[in-house]
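Dropping the structure in here first, questions after.
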Amino acid sequence: MSELAAAVALFLLLNLAAALVVVARGPGAADRMLAALLFGTTGVAVLMLSAFVLAQSPVVDVALVLALLAAIAGIAFARRAWQATGHDDA
Amino acid sequence: MLEFASTALMLLGAGFFFAGTVGLLRFPDVYSRLHALTKADNLGVGCIALALALQADGLASALKLLLIWPLALLASAAVSYAIAERAHALGTPLGDAGADDPP
Amino acid sequence: MSATLLYALTGCALFALGLGATVLVTEPLRRVLAFNVMGSGAFLVFVGLAQRAGVSDPVPQAMVLTGIVVAVAATALALALIRRLERDDDDAR
Amino acid sequence: MNVAVVFDGVLAAGLVWAAAGALLGRDRYRAVILFIVFGLLMTLAWVRLSAPDIALAEAAIGAGLTGALLLDALGGTTAATAGRARRWMVLPLAVTVAAVLAAVLRALPVRSGPLPDAVSAALPESGVTHPVTAVLLNFRGYDTLLEVAVLLAALLGVLGAVRHAEPVRLASAPVLQAAARVLVPLMMLAAGYLLWAGAHRPGGAFQAAAVLAAAAVLLALVGMISGWGRPSLRLRCAIAAGPLLFLAIAAPLAGRAALLVLPPQHAGLLILLIEAGLTLSLGFLLAGLFLALLRSDPVDTGKR
Amino acid sequence: MLIAWLIVLPLAWALAAWLAGARRGATIACAGVLVQLLLALALAREVAAHGPFTYAVGGWGAPLGIDLHVDGLSALLVLLTEVVALPLVLYTRAWLVAQEQDGTYLWPLLGLLLAALHALFVSADLFNLYVTLELLGLGAVALVASGGERKQLAAALRYLVASLVASGCFLLGVAVIYGIHGTVSLADLAERVPADPTTPTLLAGALMLLGLMIKTALFPFHGWLPAAHGSAAAPVSALLSALVVKASFYVILRLRLSVYSGWAEQLDWLPALLGGGAILYGSWCALRAERLKMLIAYSTVAQLGYLFLLFPLLAVGELALTAGALQILAHALAKAALFAAAGIALLASGRDSVAGLASLAGVLPLTWFAFGLAGTSLMGLPPSGGFLAKWLLIDAAIMRGQWIMILLVVASGLLAAAYIFRILSCAFRSAEREQAVALRPVPRTMEWVAFALAAASVLVGLEANAIAGLLGTGGAR
């Protein structure tokens, strides 16, 4: 079971790498932010799996905190940062 | 039996995450990418939380794991609402990748 | 090479990147990110190096926690200064 | 074991890549979002380094306060002060510095220092059973006292630099407020849990305060609370209370024994008191770092 | 015990001053600093009587806990902090009234800054030093920004970035040290680090040295200083130039004398060389500066360089250390006096330019006197503290046969004389007074403070024996 969990964690980390590409590539600011949110959710899953693999229950608390706060960055982006212009994409 | 259920759920969760990532990479506009993201990986988180809760050593830790799922759901609902509303307010059209950016 | 040492070496790379960017990139917001990356690098070296034998060491962990708090404080102060300066720029326009 | 090695390798590469992208790319949005992602990867790295306390702090601060601060700063102005970029010079410099550091550090003999054992030996007298908390609030509590002063200095600096006239409140967003009404009580609960947990497992005042501050940030973002103008006396009292309590517990024995001596039989209670005070005060203080900067920008007016 | 109160008290009154608001904050600050001065005097007396001592915060003792170590040098610097701070607090109070500003954030920040200075001077723990350096740095940046003017904010941002890069380097050095030796206690490290430090230990030392040199604004890392010290409010400039930059120098000295006492002597020439560069470059810029406060700030760059000449001479022993301590003292007092006087000139004439000083010719005699006395000390004319510091340094250089250094010291005195005379010559250009604008009245307190600080910078030379005695009680080792 632990091996499987570790493998799934690794698989999710590779998923994160793909999301990282989207963050870097865009094309739009919103896509980057969406990818960052995917990052958050996947991160929560990786943390839960790590807690199991490493047998460290406090890591579940980290996942919990991350899940609790996951909304803040997205809302801050939508309500405070995202403007039609004012940034230049490379 | 428990072992088997956990394994299946974990693999299913991984599959959902994979689908979400593919959607993020392939779907044409912000709105549909929102769908890909919020549906797929919340199912993914749910499956994995459930899989691990089945393996948990106590009720408390199982409940904690299961609490994570609704939290993730709530967060993604709030965020996708906020982003979709903002995208609409900024006049981001459907089906046109990256149209919110100036050329 | 142990996993912890790998993180310590990653910390070296992050520190160097942050240092280079803080010194060479002049855009204020970027400098804020840069010194944060630099700090994170130093934190990784701190814990990674101390635990390279595989024994968990609470002392550097506590110190890094202190360091993170200090970094947050500095980030907020820097952003306040930047935003006030940019606001004045906007007002002047 | 192989899976773990690959995991560490991918994570390390991701960290460096995200950092390089955040620092060297041209787009400001990309930079900030990559930096938030970088924070998430750091959280994972701390878990891999068996440092869940730091992972908690990194998660709470990065996803809450720092992320919101940076995103807010992005929209705060329309002026993209580009500055003169010498990006191409960064990489050669960074590679050189990193190579020197890595070469020296790799050659160090593998051994661990004497302090972990000393901490375990003194742990029973510290009043708590979680070693990191024992170091933070007892063995090296003096550092923590000064760290609180650092935060206070930063807040005073922020308030001095911003100089508001009127407190600002963002346009209210009913749907998001509904979500916040569910999330915020849960965050407070989580903060309480982390505070209580700190004595025997990862958690503690600072992480709890970061979660509280995140709750305040969320409330401000959805238009349920206002930003700070000039903080009222009540607010100032709330912020000063924790540090004052800390000083009050630290000082009395300064004459007879030494500063910050916590008698072993009461240490547990005293640490809990200090931590409870700090959680509330630092929660306000950290929230203030965001709320003092809150301004009504073109962005928050919503629809055009 | 005294030392604990010296750290707790300023923290406590900083909080109280913030709670009480600007007006009562001033009273609280004055009372607090006055008590601190008495405590510092008592501490110096205690050290003089019983020698250096170690104070274990929390009762654990190093390496588990944090130790404070008080010896002659640290007691002297704590005392200096208060001797400079007390007049400046009175000055600030009058200055705020005259400028019609409130000190809402200034007073509490001042308390935090003083706490940081005290904590830094007595810390015997590398990581604790990092925290105190951060408190000092952020406090100083916040003080520069607290004026709220645009140029102050820009200078504060630049200062903050420099300060953070420096702290980052220092922290990495501490991390490496801990990785190698498993402790951050200075006393422990002094035992563990071999007489001929290994490469990693040297690397850590180099990182910490780099960070501290940036914080001390040693040439060529001085870029942030003139803007910050030149644009901050007058009392803040005085405090920063007099004390804050000395603190990071003190940490270098402390590390060099304890952990890195086996550091190869050739390596001492690097800071000394940069110090020489600082003297020449800083003086050159001071000679060309148009703004009065800029001139004084560049003079700080030059005078700080002077301190770094000390390192190759440390082998001489107490003599070099006394010379360094005297230079710190004399410069701190003189520079505080100069900035205080410049603040008066700025307040009276409304402009910050060297040429504009001519409009003050014939008025404000006390202020001119302060300029003159402080200048005497900077130039190194007898019997000032600056003279004695230079004299002892030359003495030490002769012992070591360092003729170039003697030349540098003499040249630095002449250069200082040149830029000080740019100021003083304005006193006699009364011809230009006719076109001068109306002068604003200046509170007498401010003038007396500038004068008292300047006088102290001269008189400190007369107390040299007492100072050498205090340093001799265990020295900095």
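Note that the chains take the letters A, B, C, D and E in the order they are written out, and that residue 1 is the start of every chain.
The working rule: a contact is a pair of C-beta atoms (placed from the backbone, for glycine too) under 8 Å apart; a residue touches a chain by one contact, two chains touch by 3 or more.
Here the structure is a predicted model, which means the values were calculated and not measured.
Trainee: Hop distance check: chain C to chain E, minimum number of steps through touching chains?
Mentor: 1
Trainee: Starting from the defined contact criterion, work out which chains touch chain B and chain C both, please.
Mentor: D
Trainee: Could you let me know which interface, A-D or C-D, is made of more C-beta pairs in contact?
Mentor: When the contacts at C-D and A-D are counted, C-D has more.
Trainee: Would you mind checking which chain's C-alpha centre is most distant from the centre of chain B?
Mentor: E
Trainee: For chain A versus chain E, what separation do you get between their C-alpha means, in angstrom?
Mentor: About 47 Å separates the centre of chain A from that of chain E.
Trainee: Taking the mean of the CA coordinates per chain, how far is chain D from chain E in Å?
Mentor: Measuring from centre to centre gives 31 Å for this pair.
Trainee: For chain A and chain B, what's the span in angstrom between their mean Cα positions?
Mentor: Taking the average C-alpha coordinate of chain A and of chain B, the gap between them is 10 Å.
Trainee: Roughly how far is chain A from chain C, centre to centre by C-alpha average, rounded to an integer in Å?
Mentor: Chain centres of chain A and chain C, defined by C-alpha means, are spaced 20 Å apart.
Trainee: Could you say which residues in chain B touch two or more other chains, in rising order?
Mentor: Correct list: 71, 74-75, 78, 82, 90.
Trainee: Residues of chain E that touch two or more other chains: which are they?
Mentor: Residues 127, 131, 134, 138, 141-142, 145, 153, 156, 172, 176, 178-179, 182 of chain E touch two or more partner chains.
Trainee: Two-or-more-chain contact residues of chain A, please, as numbers and ranges.
Mentor: Within chain A, the residues that touch at least two other chains are 26, 29, 33, 35, 40, 57, 61, 64, 68, 70-71, 75, 77, 79, 82-85, 87-89.
Trainee: Mind giving me all the chain pairs that touch?
Mentor: Applying the touch criterion to every chain pair yields A-B, A-D, B-D, C-D, C-E, D-E.
Trainee: Help me check something: in the complex, which residues belonging to chain D touch chain B?
Mentor: Its residues touching chain B are 173, 175-176, 179-180, 182-183, 186, 302-304.
Trainee: Can you tell me which positions in chain E touch chain D when the two form their complex?
Mentor: Per the stated touch rule, the residues are 1, 4-5, 7-8, 11-12, 14-15, 18-19, 55-60, 63-66, 104-106, 108-109, 112, 115-116, 119, 127-128, 131-132, 134-135, 138-139, 141-142, 145-146, 148, 153, 156, 172, 176, 178-183, 199-200, 203.
Trainee: Contact residues on chain D for chain E in the complex?
Mentor: Going through chain D, the ones touching chain E are 100-101, 104-105, 107-108, 112-115, 118-119, 122, 138-143, 145-147, 149-150, 152-154, 156-157, 159-161, 163, 230, 233, 236-237, 240, 243-244, 247, 250-251, 254-255, 257-262.
Trainee: Residue numbers of chain A touching chain B in their complex, please.
Mentor: Going by the criterion above, the answer is residues 1, 4-5, 8, 11-12, 15, 18-19, 21-22, 26-31, 33-35, 37-38, 40-42, 44-45, 48-49, 51-52, 57, 60-61, 63-64, 67-68, 70-71, 74-75, 77-79, 82-85, 87-89.
Trainee: Can you check the complex and tell me which residues of chain D touch chain C?
Mentor: 4-5, 8-9, 12, 15-16, 19-20, 22-24, 28, 31-32, 35, 38, 42, 45-46, 48-51, 53-54, 57-58, 61, 65-66, 69-70, 73-74, 76-79, 81-87, 89-91, 93-98, 101-102, 105-106, 108, 110-113, 115-116, 119, 131-132, 134-136, 140, 143-144, 147, 150-151, 153-155, 157-158, 161-163, 206, 286, 289-290, 292-293, 295
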